[in-house]
Structure formats: C-alpha cells, structure tokens
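The first chain written gets the first letter, and so on, giving A, B, C, D and E; residue counts start at 1 in each chain.
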Amino acid sequence: MIKRSFFGFTTPRIQYLPMPGQVTTPAPLKRPDNVTLLVPCPAGDVDDKLVQIGDHVKSGQKISLTSAPGAYGIASLSGTLSAIDRFPGEAGREYTAVTITAAEAETLDNAFEDRSEPTLENAAAFLACAPGAPSFEPFTEPDKPIHTIIVNGMDQDLLVMTAQYTLAFRMADIQAGIKFLKAVTGVENIVLATPRDAMHGYGEIGASVMTMDATYPSGLPKLIAQKVLEKEIPNGKSFQDMGVCFFTAEAVASIGRAFSDRQIPFEKTITFIDKQGNRSLISARIGTPIADILKEYQVSLEEKDRIIIGGPMTGHSIFSTQYPVQPFTDAILLQDHGDIALTSDYPCINCGDCVRMCPARIQVNLLVRFLEAGFYEEAAEAYDLSACLECGICSYVCVSKIPIFQYIRLAKHELGRVASEETATEEATDE
Amino acid sequence: MNSQKKLIVSHAPFLHIGSGITERNLHIIYAALPALLLGGLFRFGIPAIGVVCLSVSTAMLWELLMNRAMKRPVSVGDGNAALIGLLLAMLLPATAPWWLVITGTFVAIVIGKQIFGGIGGNAFNPVALSVAILMVSWKDYFDFNGMLMNYDPDFIMAYPLATLKNFGVSGIEQYSISDFLLGRQSGGIGATFGIGLLLGGAYLIMRGFIRWEISIAYLAGVFVTALLFNLTDPTRYADPFFHIFTGYTLIGAFFLATEDSSSPVNFIPMLIYGAAGGLMTILIRNIGAYIDGTVLAILVINLINPLLDKIRPKAMGKVV
Amino acid sequence: MGDYILLAISCILINNILLAQFLGNCPFLGTSKKMETAVGMSMAVVFVLVLAGVITWMLNTFILQKFGLEYLRTIAFILVIASLVQFVEMFLKKSIPALYAGLGIFLPLITTNCAVMGACLINVNEEYTFMQALVASFAYAVGFGLALILFAGVRERILLARVPKPLQDTSIALVTAGILSLTFFAFKGMV
Amino acid sequence: MREMIKMIVVLTVLSSFSGGLLAAVRNKTIDRIEVQQLTFVKGPAIQAILEGASNDPIVDRFKLEYEGGEASFFVGVFNGEPAKIAFESAGKGFGGEIGLMVGVDIKADKIIGVGVTTHSETPGVGSKAQTDPSFTKQFQDMDLMSTFQVKTDGGQIDIITGATITSRGVAIGVTQAGALYKSLKPQIEAKLKEFK
Amino acid sequence: MAKSIAQEFTKGLWEEIPPFRLVLGLCPVLAVTKTVENGIGMGLATTFVLVCSNILVSSLRKVIPGKVRIACFIIIIATFVTVVELVMQAFTYPLFLKLGIFIPLIVVNCVVLGRSEAFAFKNGVVRSLADGLGIGIGFTLALAALGAVRELFGNGTLTIWETPIQIFGPAFQPFTFMVEAPGAFICLGLMLCLMNLVSSK
C-alpha cells in the first residue's frame, strides 16, 4: 500500500482508492447450503414459544427470538432452522446464532407487504437487519431529538468500495430511500456525504450534498459530523446528543428498495480483497459463511493467514471461516501470512510521527506510555483518550510498531466497563 | 466453529508504513559517514580509526551485557548502541586513550540509556551526557590542543574555541570559515568537517529522520545570540559564523539535539527547545566556564523538555 | 542593584542550594514524584525560607553576636525555625485557608529541612548584610523550587519508562538528580 | 492547667540543663578552639611567612587594641631575637573578604611575606592568590609603609590573569596592613621588649 | 515484636540501614563523602548525637508531655549537636572545616529526630542505646562506603586518617566527576540499586 516515501519531511497522505473502472455490478454468489443469522440477544433469553429448531422459514421472514422489539433476524434463505447457539461477539457482546439449512425451493415471505407503510414502527420492526443495518433507535428518544440525518457515502476504510458502488450505481434506490426516510422520521434536513471525486450530477435527490476530502480518515463518521455541524463534537458527547444520526448509503438504498418493492432485501454488497490485493464486489446473502465465498473464489488459506472483516485500518480479524456475512459487513480482506504487519515489544522512541499524523491532535507519544503502563484513567484525563477517532493511523506509522490502536481500544473498553460497573453499583445502592 | 487452518487473530491496523527502528538508526549512521570518513578518519588517521572502532564495539558490548544482566531481549541488533558509540567517537579527540573511550561508552550506554529502560526511556541524550561527564573529569582532552603534538598539518591546529576563550577575538583572526567548512580545523573526530555535517543534516531532514524544526531553531539560536554578543562588543565576542562552524555546533544541531527520546515533538516546543539550546551554547562559550557549551546546553534543554511538552495543541473536541 | 542581581543568579543557578550545596535532599526526592506536590513544596519553601532567613539574621546580629553567644547559634536557629513554622501554619489556617489547603501538608516537613536551616547558616557564615541575606534567602528558595519543578517533570517521564526493577523509584531518582546537577554545571562561571 | 504547668516546668528544666551543659563545654573548649583556629586557618600562612623561626609563633602571640578593633601579632624568633612579626589584614575581593597574613621585619620595615588565609574567590581564577606563590612573592622585600597598587591602576603589582579585582583587593589589604603597622609600631616594639 | 537488645543493635546495620532503607538524612550523605575520612567523621558525630539524644529522651519519656515532645526533642538534639560542634572545633579542627555546616545540620537530620520520635520515646534506655548505636554505626558504614567509592575513583586515593593513600599509582588521571556533586547522586543511586539487588536475592 502506501509505504513511506523517500522524502520524509512531509506527512504522508493516505488516499482512499477509487473504484476500478471495470466494476459495474457485484457478482452474485450461488445459493448457500446454510446461513447463520447473528441476533443481538443472549442465547439464554430465547423464547421457545416463538422459535424452535426444526421450524420452517421462508426467505425474508422475520424470526423473533424474544418479545423484545430488537431481538430478531430476517431469514435470507428458505429452509429449516437447524441450530440456535450462543455466539460470543466482538467486545464481549452476546449474540445468538440462528442457522438455517436450505430447503430445495426458494419461497418468499410476504409478511412485510402488509406492513409496508413508511412508518417508524414498521421500519424499526422489519428493517434493522437489512443490508447496511439501518438503526432507528435514535428516533425513539424524545428528549434528544434528531435534527439532521447524514447519509454516509464514504467508505469507512481504505480499499473498501461498497459505498462508492452504492453511490455510483444505486442512486435511484438512495433517492427513494431518502424520500422514505423523511416520511419515516419526519426529519427534513438530510445530508449526503460523498467523496470529492464522486461529485457528478445527482440531480434532485432530496438531500444536500457535502463533499469530503479523499484522504483517510475523512470518511469516519465523527469527522463527517463535524464538517456537517461546522463545529467539533465535544468529547464524551454522542452523535445523538448533537442531534445527528447516520445511515450508510447502502442502508438508505435498502430502505428505498424495501418500501418500493414491499420486500425486505437481504443481499449484501461486499468488497472482497484477495491476498494479491485485487478488489472485487460480490453480492451475498446475509448469513452466508465466509467459507462459501472463499470456496467460490478458490482461495486457499495457509496456516497463519488472516481474514479481516472490514478494512485494513479498522477491521477485525476473525478466527474461523464459518463466520457469517452480517448486515454491516462491507468488506472482507484476506492477508497472506507473509504480508502481516508485525507488532513489536519496543517502547515508544518518541519519534513523533504519530503526533504529526493524528487527525484528533492527540499526543499519542505520551498517551501510549500511559496505556502501556495500564494507567487508563490518567490517559483519559490528561492525554485525551476520549478524543481518539479510532482511525488507526498512529499504529500504521509507528516506528516502534507498537500496537497503539489495540491499546486504545482496550483502554476505552476497560474504562467503559469500569464506568458501567460503577453505575450498576450506584443503582444497586440507591435501591 | 472449528477451522482446519489456524488463522491469525490480531488487531487493526493490518498495514504498516514500513519504517523501523533499525532502518532509522542505520540511516542516521549513513548520514554521519561523510563527516566521519572524510573529515575525521582521513584527517586524523589510524588513531581516529582506533577510537571509532573501540567506541562502537564497546558500546555494543555494554548494550549486550546490560541486556543479559537485565534479562531483556537482546537489542544490539537495532543499531542504536552502534549509533551511540559512533556519535560518541565523533565527539572525542583522535588522541583519546582507550580507557577514556571505554568509560565514555559505559556512561552513555549504561548510565545514559539502559538504566532508564533502554531506547526511548532516556530523558537525557546519552551521548551528550557521556561527553559532559568526560569533559568535567578530563578537561584537558577536550580542549583538543593535546592533539597538537601528534599532527603536523598545513593548517592551524590550535582548537579555535580554546583560542577564542584564551586570547579573545584578536586570537581568532587567523582562522577562516572556509577552512572550517573543509574540515581544516582541530576538534572531535567527526565534528570538524562542516560540509560533511551539513550534508548529513540535510539528508536526515529530507528523509524525515529528524525533526527539522529543532535543528533550524538551534542554529538560529546560536546565530542570533552570537550576533547580539558580537554587536555589543566585537572585540570580545566572535562573530556568529565562527560559532556555527567550529566546535560541536553542527553535530549538535543535527545529531545531538534531535535525539528522539529527549526532545519535544510539537511545533512550538521544538522551536523553543532548539532556540534555547542555541542560546545556552553561546552563553556558555562567551561567558561560561567551559570552552564548548554544546553538550551541556543540550542537557539543559533535555531538562526543560518535559515542561515544554505541556505546551500542546488542544485535542479535537476537548472540553476545557 | 547589579550586585544583588548577580547574587541572586549565583544563588539560583550556580550555587543552587539543592544541586550544588546538597541541602534539602529529602524533600527533593520525597515531593518530586508528582508535579503538583513539587509546586506546593516549592511555594512553601519560598514562604518559610525568606521569613526564616530574615529572622535568624536579625537574631544572630542583634542578640547572639552582641552578647557573645554565637556558640548557641544552632540551638537558637532551630528553635526559631520550628516555632516560625508552627506560627505560619496557625496563621495560614486562620487567615488564608485557601493557601493553607495548598501548603498545609508541606509546612511540617520544612521544620526538619536542611535547606531552610542551611540557608540561614550560610547567610550568617558569609557575613551577609541584611539586604544580601534577604536576597540570598529568596534566591535560594527560588533555586530550590526551580530544581524541584524541573526534576518533577523529568521524574514524571521516567515513571513510565521501563526502568529495571532494582533501580526503580529512589535509585533512578538519585541518578536523575545527578544528571540534573551536572546540567547546572552549564551555568558555571557565568556570574 | 496542671498540664500547662508541667509543660512549662519540663521545658524550663530542659532548657536550663541544655544551657548549663553547653556553657560548661564551651568554657572547657574555648581556648583550645582558638588555638585550633589559629593553627589550621592562619597557621599555614604564618608558618610559611615566619619559616625558620625557633619558636612557635602561634603560641607566642599578643594582642593590641587600636581604634575600632583588636589585632593579633605572631612573633617569630630568629637567632634568638624576636625580629619578625606576622599579623592579619584583609581586603575586599571578588567573592568577599580576602583574609591576609602579612609578615614584616621590624628593623627594616620590609615585608618578608604575604599569604592569603581565607577567601571565597573563584576556584582557578582568584584562588590563585592563595595557591600560586608567584603573585604574593611580588610583595617580598618591599617597604611595608608604601602604597601598593596593581599595574592596571598605575602601580607596581602584576595582576593575576583574569583576577584584577582579587589582585587589587590583596594590594589594598597589604597597604592597610602598612597603615596599621605604622600606627601601632610603638606598642609593638614595647611588647616585643617585654617578650624578651 | 519483642526484639532482643542485640537485634535492636544489628537491625541498623542492614535491615534499616540509613540512608538506603530509610531514605532520610541524605544531605550529609551526599555532601561530605568526598573522602572516607569525612564520611567516618560525619558518621561518628551523628552517632554521638543519636546515642546521647536517644538515651536522654528515653529516660525522660515519662516526664515529657506529649504535646511539647517535638520541642523537647529539638532542644535535646540541638544541645548535643552543639557539644559535638564545640568538641570537634577543639580537637579535630581540619575535619570540622571540611564538614562545614553539615555538623550543625545534624540537628535537622531526620534520622536523629526520627529515632527519638519513633523509638526512644517508646522504649527503655538500654534498648534506645542499642538502637541509636546500631543506626548510627550503620549510617557511618554507609557514609564510609560511599566515601570510599567516590574517593577511589574520583581521586585515586583512600583517606582513612589525614593522609591520603595512593591506590592507583601516579599515572592515573582521576575520574573527578565522582567527587563532584553529580557524582555523589549517581553513585548513591547505583549503590542503592546494588543494595536492592543483594537483598532481593
């Protein structure tokens, strides 16, 4: 990728790569033998009156695991429920994995047809697992009203082109989506954030267009929100607190498609990057095991290779090829064991490269010393841990190859855990 | 969820820009070579080669011994010990006796670097620290006039700064800046060849291995302070160019003040840091007790570095 | 005036009470781990040292010397300093509680601080005039504060470095103090 | 109240004990301390100046009062005669007072030697007045009654490089010694007669 | 809890040896250890004050009211310090000159005040004597050791009593840094490290 240039006195600019010209439509993957839906609720809570192994489901059918409003998945395959398992997700989150084994024939569910009035209730009840994972939760908090919706046409990470594709080829869906979003949420101020070089006539789309720099990390939501709001978001404030809310371009396109076709979409557009760095777009059913994609593309994995969900700067690597495609899986990146960037045990030598590059103006050289020593509170108080955008640039440039980004995520995670424990004990003592 | 092949699970980012500590140290060593080879070894001959070899080898040896003693991974291979040994040798006279060199590398590696936790932990530049300690103990070796007996060159071999200190400005009229630039002066093994040091410095700045703000601010500090002194009394205080091209000024600006771990990384602190170093250097030379103030001046700015670090830009979204 | 400035510079930088005269090392090492305590201690020392320097000078000149009691100097000085600190503590507690909150815990430490007693003895040994004693006391205290604050800055850095186990804390602090003291050699000969 | 009284009593008793002990020790040591001070502070200079004396000049000393002070004179016996004396003077130097010991031959009023006893001059610069004999040697065999000035001030004394103020201080100190000597000469001679 | 008298004595020689274990009384340690002789002299003077004040404080501990105990300690200590001052002036004047103001400063040496407060005020006379003697001798040993290292490298000699003994021969150019102020700090720091190493084994 971008290696250090010969002339080192200027800071390197990390550019988002534009989509190659020959890409037009994502290649559809053949129908999988089984899919696994990850539903955000602990496996212990599953209500077996609602769902049981052996149940038959149709494609597009809503599978509720409990009576709670969010605990559902949308079947992306017609067949039989063959397993309901605990699934430990990232950052300690608990999921339930619902596996569907394919039946011979593909039948479509029509429950959504009756509920396809564009209302907030319908959208929240059926679309949360659509490709792009639109979330309608922010609109349910009356004391923190949303006044601006940002449609994110920027890919979150380098090499990814899912959003670029959506902008370039699914503009009609986006346009419809924007129309339905207004109806669903009642918010009139909608901003579409696009890369600078994607600036060609969109015509009247019902949203204002904001062009972003094509330099990483300008596509991170916080930077987009700041540009839209024309001010910095104070640390500790959420987007919700600031009255903004994000939808990815693909999520908006899904909303548009769902309400116009009266059918919930379940084909996810994925940027697939192979070990040689060739990028292609695929369209796969949500829940498809990654193994199926590898098989179709005839990828052979070696010992110690890496599969990364998301892009190279912010993605998560996974330990199993059975991991399914999720509604927010924009990219799958394969990395050869030979290309893996090693981290090291060296201390920070204070070269300052990270400080020069950090978009959040954090003194990373000092911060990292506190994180290494495990002084998370000091790091947060004195060295602006909370300002971090989690872009990963500091780790990317670090001369000592310190896993700074990992330290940062760990520290935030720990601080969050401590804080929630504290509130829990406080509540307990209050009662 | 079993998999046949063992995949690597690690953390983002999954790319790296490709820089590294070993590479960095090697490039600094390359940058030092013109001044060392053409200015030092060529001019001062076999004894200088001896000092350099002894210094580099013993520095690496101390590093290895300390790695072993502290039961840490062996870090000799990263080149930092070699670099420290090399820079130390460049500041020593060619006539330095073997025990002076060994004591010097001991102080630099063990006291200056390893007991602070190795690379990156030192709050003071190990080379400057070592030379300062040697200078306090064995002053005579650092007025470089002890070398007079061993060489018979076609230029003036008396150490310019010592001449300035002892005889004032009238004593230094015999010297010319072009001689200094060509390395036709007395001084540390690698500190005499002005053009070589400028080339090395330019290389380091261009490649981004040092932060140019520090070097430039340091040289500007030297220049302005020397000029002010010179303007108040030209018969007592030498002109700024003399100060820039003699003694340790250039090697200090490019190779000592810029040492990573003991210098600031933000723009304004770097300027203050460099300028304060230049100011102290000239103060010591003009009104202080020592002949050349560079190494002590660098220790002084190392000392204020933690305070300078408190001057920093407001982080994004910081609430005050 | 110029003489006083030279005296002050010399007492702050060249004859720095901590780094060159070796006085007040226990609080130097004890209160330098954190910048906050270092600043608190520095202020407390400035406060007490100036008062003590002036009072002991007067005690020495107007009483001890007059009556040929110089041999009682040690006992007289320590009693004066101890009562002074008590008095200052009480006074601050009553009238400037905000300042007391900041300096309070440092005041008792100062009673048994060589820097205060030492500076008073130096004033007398050097046979300073009243003004000289005043300037020198203040300058010594400023020098103490300067060294302490610089030291605290460096120590906060070192705290996070991978210092080997047996060297941690006091041991590495002493080595650092040595380098600090070497650094002050830079000012030699400037006055 | 009882406690208060007890506190006062204890403190008073302790203080009196302390005062008593110290006074006793002080009385026992006072003479020895003076001898020790003379021996170690001024002794080296006196010994150097009165070298070859057959007595111990520190033991054979006397004091004379003059306007505004008191001075000690150390007697050196040569060939059975108390022919030479050494006494103190002082000049203002760079770092403070420079204590001087001036030796004089009574008969000729000639300086036999000058030595620096105490000083706080810069080491390596002004301190040469004490450590480098070639400076103080200049005074030897000069007439003590004359005025001494450094060459910078138009006088006869070569300065120590870089230490004009120190040199000037010594010259003034020696000049003052001459003045003192002049004013006390009669008494000195009387004392020396007694000494025999 | 109950230590024998001998243990009270020996604890000062290693377990609680100042200034290594109790990081107190650093100023004289750093200032006067240019030679072994200075170190021993300072150590003995401190020991004298320590022993005398310990004895007096412990014998008066029932009489001294708690409120004014610090004042009483200070009077007692200051008295003995003055005694040492006078005696040293009378008998070992050159040493007194070298130790300078650090003799009167024994009065603020926390080791001394600390022992009065922490030990003598709570223990009997014999125990306090053993404690004072042990701590004092430990302190003397530490000062002598530091003095020896600094003098050996910094001057190439060892001075036990008045005349320096040449160790390295005349060709040796001494490492004078060691007898300068910074050398004192660094040397003490490294000795402390050594001490930590030994006792962690």
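One rule holds in what follows: a contact is a pair of C-beta atoms (placed from the backbone, for glycine too) under 8 Å apart; a residue touches a chain by one contact, two chains touch by 3 or more.
Computed from a predicted model, the values in this text were never measured in an experiment.
Common neighbours of subunit B and subunit D, listed by label, are C, E. The pair with more inter-chain C-beta contacts, choosing from C-D and A-B, is A-B. Centroids built from CA atoms put subunit C at 60 Å from subunit A. Subunit A and subunit E, compared by their mean Cα positions, are separated by 68 Å. Averaged Cα coordinates give subunit B a centre that lies 41 Å from the centre of subunit E. A separation of 34 Å divides the Cα centre of subunit D from that of subunit E. For subunit C, residues that reach two or more other chains under the stated contact definition are 71-72, 75, 161-162, 167, 172, 175-176, 179-180, 182, 185, 189. Among all residues of subunit B, those that touch two or more other chains are 111, 115, 117-118, 120-121, 133, 136.
Each of residues 71, 75, 78-79, 82, 86, 182, 186, 193 in subunit E touches at least two other chains. All chain pairs that count as touching, in label order, are A-B, A-C, B-C, B-E, C-D, C-E, D-E.
Across the complex, subunit E is touched by residues 103, 111, 115, 133, 136-138 of subunit B. Across the complex, subunit D meets subunit C through its residues 18, 22, 26, 96-97, 120, 122. Touching subunit C in their complex are the following residues of subunit B: 70, 111, 114-118, 120-124, 129, 132-133, 136, 280, 283-284, 287-290, 293, 296-297, 299-300, 302-307.
Contacts from subunit E toward subunit B in the complex involve residues 173-178, 180, 182, 186, 193. The part of subunit D that touches subunit E in the complex is made up of residues 3, 6-7, 10-11, 14-15, 17-18, 21-22, 25-26, 29, 32-33, 36-37, 39-41.
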